[in-house]
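Here come two complexes built around chain A, the first alongside chain B, the second alongside chain C.
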Partner chain A sequence: MSDFGFHLAFWSLAAMTIGGASMIIISRNLVHAVIWLVMSMLGVAGLYLTLSAEFIAVVQVLIYVGAISVLMLFAIMLTPRAERDNSQNIKTAGPAGLVVIMVMIATMWVAIDTDWGAVREAALTEQARLIGESLIKHYILPFEIGAVLLTAALVGAIALARQDDEDAAVHAASLQAELEGDGSVDPVDVVDPPLPSDGEAGS
Partner chain B sequence: MIIGLEHYLVLGALLFCIGFFIALSKKNAVGVLIGVELMLNAVNLTLVAFSRFGTAEVALSTQVFVVFIIAVAAAEVAVGLALALVVYRNRQTISVDRTTLLKG
Partner chain C sequence: MTDLAGLSSVFGAWYDFRDLNNLQRLITEWIAEWGPDWLASIVTGVLGALGILAVVGPTLLILIWVERKVISRFQQRYGPNRVGPKGLLQPVADAVKLILKEQLAPRAADKLIFFLPPVLIFVPGILIWGVLPFGPRMSVADLNVGVLFLLAVSGTAVLVIFMAGWSSNNKYALFGAMRAVAMSISYEVPMVLALLTLVVFSGTMSINGIVEWQQQEDVIFILLFPLSAIAFFFAASAELNRTPADISEAESEIVAGYHTEYSGMRFGLFYAVELGNTLVVSGFIATFFLGGWWLWGLDQWVPSWIILLAKTAAVYFLLIWTRGTLPRLRIDQLMSFCWKALVPATLLFVVVAFVERTLILSEGWDTTVALPIMAVFNIALTLGAIMLFARVARPAPLRRPARIRMAGADIGGLRAARDVASRREEPQLQVGGD
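Let's look at the complex of A and B:
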């Protein structure tokens, strides 16, 4: 009976993961694509639970579902006049599909054909304690490098995304003018490249 | 049928290929980042599957590896989205087709 439950969990979570990922390809709206990404990430978190990796599953939900998706939504909301269009590039989609199919055949063949050796029955227990201990004992140098990397990424992201005060004022004024439907005073429009009409479809 | 290592590996390969296709073919920079995130998730899934079904000595190190990958992915997304914001501020678009300053 528990075997049936495990099968049900694996196949439904696999369908959720692959279905969510496929909907990102189909979805034409970028915001919807991020929501489908959240569904796919939740499916992967559930798959971690079926692999009895509870700590990684919780970290997955906290960082991917909680932080990264919200960060992506912020980036979409902060680029209000860019296209919300999530469609494929017609010129590159064909060759990309060909490459991806070749990669898929190769990886599937390796995954199925290789003899992966003995299957362990017992899963790792007390994972949070073991991971924490090995992080500050055996993996102390990568741990410190990771800390420096995160700090550098934080400072770099803030330095890149920061606006000068006069730039911010001009930007806010042009946005305000656009929101009020007043197209006449818009200093940014002078340097605007013309937007394609289909780009506005999903906004 | 017992669900074993191969099921998770095939699932990871499928997820990786979907993410690869999204990263290669989407027009929008945020769409490309979504594809990269899916690829990283597929690799994490494969590593955790090896942690569950592999030998005892790889069980812990793969999970530590997954923690590092998640940390690097978070840093990568933060910097990538900041870059998208800067490109938007200068060009009023984040479409990777229309940021062609380096095109001869």
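Let's look at the complex of A and C:
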């Protein structure tokens, strides 16, 4: 590809990434911030494409845009006070900014210090195969540790979200009381007709 | 494309309509003679996008008529039959009506995010067509990671639906969005696993590569992995919000779900993209499981894209059929079907695919002998799994959920949820989002 097309793609994607990232900080609404974050992540995916790393680019969209941002939105929806103005966070801005600056300095130091000459070799064609092989052969231990960690997180999430039957009964009762106060029809109290037990319903 | 290609100069010329790539190649070569090469790539991309739009746009208009007509035949009524011959102009009349309608926006809506989704929903809806191979060389982008691209792009549509539901500041829209997000996150798992069987077995992530594998081995994947095909079909129809699984816009429960507050052509855009997605998913089911543009040598005589469109139409009819036949499921039923039935079954078939692939690759089994045996084994396994699900291991549906899920005032600190809570104190219920 000639230089013009590459530069056009690079600079527009860079503007998209950095612009989105700045808007995350500026925007006062948490949901807006997540949507700007999505834009920034899409820009990063595009930058991967200009480096002909299409596997990483697609995975970036799949995981960060399709999954992680949706999870973030879910978390925001389930958090009380999610609607508050982000500028209220001004008290913690000092220490947080300090941490961010330190991380940024470390990253830039690594980026400048690394010898990027190796990248100039021919573009990798079978990236998925190469990544898979190195994950299974060379990096098997971190891969397994990641798998165990994710499983533990999954079990933990289920344990947190799971409600005991007693809790559920109390919750239903409180909801029922709330709804009865409203005078509307109570969906919990609709009586089912007597039916054969549910396990046998299909046979 | 064919063995005949070398016989005459007619084959492969730009007017050879069996492979529309010829025309595109001519234009690219002509530009490359005088222009910079970035112009050629841009023109190719624009031409591909325009070609897709030119096919999809008119097809959607016809499909609205087809879908309504077929559905009404299932329900023993006539369907649209007033506007134009046989009611054929009904979609046009509907579109004109939608364009003329007033564009309303709730006063309390989040203005920027409210206006974006009808436009943004088009992006994945159009992008996804880019990797659908209409012929050996007829896809806008034949990516090495086509399957992943398909999943990634279809995953972003969830975000747009969420934006639409959240920004409307309406409890029904919010519930619809929450349901849509929860459901498509869940059904993405069996969808990925069903595609993983194909990727493992054919050894490629390119969509055209999967079709070529089927052509090379003379077998279509629905015979080898019928359960993956069934799971993909169900998961896709759930992701498409079609009737067995259209809880995110269940009109008898939550008005119209995430697009409750969208009027006029904004609603029309959501509707159009939904139909277009149904069509493209039919195309992908045809490509992955029915051999795509290939049909046991018929692709030598009939243009490959006609074969693909015929298969797509067949799958699309099946989707309309399920929509016209099955009643809507509740969210907990859909979730339990996904996690307790589809995910274990597709996981089982991923393992089966690994074992069979290893038998062919490492043990050197001859594919002409091994594939029929594996097909019979897998079909038997599928039938066994379905029988097991229907008779024994069927997850008992909850007749009365222990608690109301994803409802009530405790969804986040959202304005819509607070409105619900505040309206509880008023004597009569008001219509939301005013």
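Methods note: the second predicted complex is superposed on the first by the 123 of 203 C-alpha atoms of A that agree within 3 Å, B and C clash if a C-alpha of one lies under 4 Å from a C-alpha of the other, contacts with A are read in each partner's own complex, and residues count from 1 in each chain.
Note that in this section a residue touches a chain if its C-beta (ideal position, glycine included) is under 8 Å from a C-beta of that chain, and two chains touch if they have at least 3 such contacts.
From a predicted model like this one, the values you see are computed outputs, not experimental measurements.
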{"item": "First (chain B), second (chain C), both or neither touched by A:Val70", "value": "second"}
{"item": "First (chain B), second (chain C), both or neither touched by A:Val61", "value": "second"}
{"item": "Touching partner for A:Val99 - first (chain B), second (chain C), both, neither", "value": "first"}
{"item": "Which superposed partner A:Gly146 touches (first chain B, second chain C, both, neither)", "value": "first"}
{"item": "Between chain B and chain C, more extensive residue contact with chain A", "value": "B"}
{"item": "Touched partner set for A:Ser40, first chain B, second chain C, both or neither", "value": "first"}
{"item": "Common interface positions of chain A, toward chain B and toward chain C", "value": "55, 59, 67, 74, 76, 78-79, 81-83, 127, 163, 171, 188, 192, 195, 199"}
{"item": "For the chain A and chain B complex, residues of the former touching the latter", "value": "6-7, 10, 14, 17-18, 21-22, 24-25, 30, 33-34, 37, 40-41, 44, 47-48, 51-53, 55-56, 59-60, 63-64, 67-68, 71-72, 74-76, 78-79, 81-83, 85-89, 92-93, 96-97, 99-101, 103-104, 107-108, 111-112, 116-120, 123-124, 127, 130-131, 134-135, 139, 142, 146, 149-150, 152-154, 156-158, 160-161, 163, 167, 171, 188, 191-193, 195, 199"}
{"item": "Touching residues on chain B, where the partner in the complex is chain A", "value": "3-22, 24-28, 30-31, 33-35, 37-38, 41, 44-45, 48-49, 51-56, 59-61, 63-64, 66-68, 70-79, 81-86, 88-89, 91-98"}
{"item": "Contact footprint of chain C on chain A as seen in their complex", "value": "1-2, 4-5, 8, 29, 31-32, 35, 38, 54-55, 58-59, 61-62, 65-67, 69-70, 73-74, 76-84, 125-128, 163, 165, 168-169, 171-172, 175, 178, 181-182, 184, 187-188, 192, 195, 198-199, 201-203"}
{"item": "Residues on chain C engaged by chain A in the complex (per definition of touch)", "value": "36-38, 41-42, 110, 112-113, 143-145, 148-149, 151-153, 155-156, 158-159, 162-163, 166, 178, 181, 185, 188, 205, 390-391, 394, 396-400, 402-404, 408, 411-415, 424, 429"}
